[in-house]
């Protein structure tokens, strides 16, 4: 068994009376590509957001590289309103609720379902800004250019990264002027710039045509190889998912309904039901 | 402090004046998510119109005229300064509001020559002195809260039971969906400004009955206080704005009564900051979550 | 940095020409000439506008507390620089006040009159900036969590509270209550202002182009993405707020220097609005724009357009040119810019961009909707 | 295209508004231009006054006095030649931060001597520029001691705050027989706070008790302050505030039935203040520099002038009542002419040298300067508002002792 990168235990996310993620547990091991799939509104992005610190989960624990990073249990008003299970499991452990940047700093980088590039910045700067996290200089040394060596090194790394992902030729264009496929790719490059150990892709192929999707599939495969990356992805494009995933988790209405290799999932009756029950439009 | 009563009476009166302005802020904020900085100045212009019109025509003409012209002004501001920016970032809209406020003040300055315009013909009856519980005061002090209450009841009815009122509620919940559902966004927004300006005009007539002159800066402070009241009560909520206005009016006068008048304005702002930090949604506001 | 580009050379030449121009003004005109006063005031406004732009334009935090931070800087400068001998006169109602030293005098004792005086004044300016920054740190903790318009109104309120405190008679021995502070020294002529403000703006420019500046812009463009890419929002917002306030404080100190007298009454929210509108007209996110507009705005208002108020303008006499017309015209222009040329004079371009060889068709000034 | 429409609409609105404003204002009288027949050329007198801001109203009335004086005496004999006198009016916007540039603008226009300002703060801010340029300035109604004590080129024709505060304290204690006073001043106004300081000092020295309170700028509701004064048992409210607040205080005092007297300073000497007292049950006593009726010829002349000039009438608050500041503006103009005559030159330096020696019998009394540059005045007029006629009644001339 290889090294465990990400581990979710009993993660529950409840908004008011709606349980968006219900008692979700999953594991990702080093070097794996794991896909999280499910019909629309199944709670995939919400799960993503609780892992990356955007939301504070109502209950459960997320561990990264063996260390708990996010943890909560129902408290206050939620104590009564809580509809999930295992309310007591983490009740005696301290609550962990870091902001997203802290989680990114631990080595987990993500992309967004609806592309969130920095609009007024060039391709190069978009990636360079992601390097900001890795700086050692403070604001004074940065302002007065005492960090030249670091800055030069970062710029070199960014140039290299852009070369690898094939965006060198557009490095001085505004990020928003790129075609859709390249914007996706830039977002992935930006996430890679933070030197993560786990890359989390939120529907990277959304809105892509088959050709672009194929390119992306190849690209993700290359990223895994070149960067020795562990990847968690949410996706609707089943071709892509079945092509590159080592393992797949399927959730519906927030609950885990199946998990296993692509072959197992493809033949799982609950998964077929869940998908047939809901018109899939992506 | 000797005898709480005069301070309370005065506080209620001031609160009533703030309330009528605060509703304008809260309505506009509820729908456009815009702090309409120009609202205080609309209030001031209403006062000026009252001064000029009451000097030249009888009361039964001048009062409707004030109402109509103020409403037209509010409507025009929305069409000219806010509508072109509907798709722009919120910051642009707020800057536009500050610009409009600046423009109105400077134009008003130009026409008045910078001199406070004396209220020569205050509305009779309500400007007379009366004695309540042994304390002398103007009748308008007592009329203001009552009229405010009546108008608020009417407004709440309007919002809950008329078609355009429902449109306003829908737009304040979700701008785009409301648009998709066939609600005429522009007329709803215009209506909001019309109602807000109408109340500001009523407020101005009551307010400047109490005071001898209208200066171009007269709108600034009441406007800002009314805004604080709206935030305090939970911006977007009409009962919130009214309750907030009365609370602020009363607490302000009590602070003066306690001898801390140096900080009566500062207190209002401190209250604002505390409310914003502790409970940004105010007393009655609804929580809005951003989608990621 | 090895080979200077053409546009950088031209930019350097323009800046040098400006500096020489300021020296020429100082040498040829008497110190009380309107041109020198305009240059001085415009320099101060440039600095303050740029500091506001750093926050509102580059970091996307809509703060309206500028006047409050300027107030802190102005008072710090004045209190620290009034000669000891004149304190009894200035603090006439407060027995000479409680501060009984003057930085320029202290440094004069060590470094000689000329150098010491200047060093003392600069120290006072920087202390003013630091006090403003400290204040920003303290209120930044709770206030910066607020969303755009709430932040604006909270900072506005903060500035008003500050003003009430400075006017409070109980603090009179320090602030002179509602009364003027005066008799403190001025740094010098137009050139001194241009150099000093130039240095401060250059520092802001360096900051904006550093890794921190890029992080600020990332926050402005997309807060969620910035946070997801490891930018600590609370820390960076506070940093921008503190730095902006520091320079606003320094700018306030320089405004005090220029005015010759300081009174808390001057630092109203109207001053913040004025600066905000300068920033907007110059282009949110353009330092060049803020500077350019400051000069245009101050020169028109204080000098060139005065004719609009006093009957005759450009040789035309008209009864409509009466008091207040100038401000009315200026505010109409502001509204036109706000509504129809939303990017302002410069958009987000800087001086060197103007001299770049044109690659494509120039970007449109206003973005049509 | 909607944008274009909106632009056109906005422009049209502005123009329409501007047009209305223009047509109603009539011709602004720059009377000096009319008589350009003199031989010696033109001498410029700078007018450094607020036309905007809190003191805009007062500043305009002060300018009226100067404009009328200029109308009466448009020429001056300097060194044997007749010069036209031209007033160069620059708005200093009341506040100190606009003082330096306004003052510099005056210097730029090449004035020989400066008149103004209404308020002290902005006078001090401008004074630094006048001193740099070596141009003499004659303060008209700036009453803070520091205006002249800290500035070599500043002279003034009015009395000072310590004097005025003491006069009012004496009047309240001795004449009105009040031992308990309440003062109200605007937060941030050096004028208000200064007078309150001197009043309090003098009143306490006489054996009275004083309660001090401040109100924030922009206040409109003074009811609670009046209640505080009543609660403090004050027999008199001393509120040396600007015109606008004075009206509000009168209104509130009347509404709350305050029975004592309201004491005002020279800023209260304004027709809008006295009009707001008309028909109300209040006692208003003020100190001032000049009493209407003190000089019949002047009164008649200026009233006729104001009535014949629509702009002037607007600036005077819509009627022809003469405020003391107008008389002071008038006197200041003639003091400046005297200095020019004595200097025998239009050079500011010469005027500055001649100014201390000027002695002029103005409508507000004899004007001479002491070594600091302040007018030697030992008496102030006390006036009371006649609540029936809405005019000021002369009460007494009060000195310090």
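Which chain is which? They are A, B, C and D, in the order written, and residues in each are numbered from 1.
One rule holds for everything that comes next: contacts are C-beta pairs under 8 Å (C-beta built on N, C-alpha and C of every residue); 3 or more make two chains touch, one makes a residue touch a chain.
These figures come from a predicted structure and were not determined experimentally.
Highest C-beta contact pair count among chain pairs: C-D. Set against the C-alpha centre of subunit B, every other chain centre is closer than that of A.
If you average the Cα atoms of subunit B and of subunit C, the two centres end up 32 Å apart. Separating the CA-averaged centres of subunit B and subunit D is a span of 35 Å.
Note on chain placement: the centre of subunit A and the centre of subunit C lie 43 Å apart, centres being C-alpha means. Inter-chain centre distance (subunit A to subunit B, centres taken as mean C-alpha positions): 47 Å.
In subunit A, the residues touching two or more other chains are 54, 112. Contact of a single residue of subunit D with at least two other chains is seen at positions 3, 6, 10, 14, 18, 21, 51-52, 187, 214, 216. Shown for subunit B are the residues that touch two or more other chains, namely 80, 84, 107, 109-110, 113-114, 262, 265-266, 292. Listing the residues of subunit C that touch subunit B in their complex gives 56, 60, 62, 142-143, 145-150, 152-154, 156-158, 160-161, 164-165, 167-169, 224, 273, 276-277, 280, 284, 322-325, 327-328, 330-332, 334-335, 338-340, 342, 369. By the touch rule above, subunit A contacts subunit C in their complex via residues 52, 54, 99-102, 104-105, 109-110, 112, 116-121, 125, 128-135, 137, 139, 142-145, 147, 151, 154, 190-191, 194. Here subunit B touches subunit C in the complex through residues 33-35, 80-81, 84-88, 90-92, 94-96, 98-103, 105-107, 109-110, 113-114, 227-228, 231, 262-263, 265-266, 268-270, 272-273, 276-277, 280, 292, going by the rule given at the top. On the subunit C side of its complex with subunit D, the touching residues are 30-34, 36-38, 41, 86, 89-90, 92-93, 163-164, 167-169, 177-180, 182-183, 255, 258-266, 268, 302-303, 306, 309-311, 318-320, 322-325, 327-328, 332, 335-336, 339-340, 368-369. Partner subunit B is touched in their complex by these residues of subunit D: 2-3, 6, 9-10, 13-14, 17-18, 20-21, 51-53, 56-57, 60, 187, 213-216, 218-221, 223-225, 227-228, 230-231, 243-244, 247-248, 250-251, 254-257, 272, 275-276, 314-315, 317-318.
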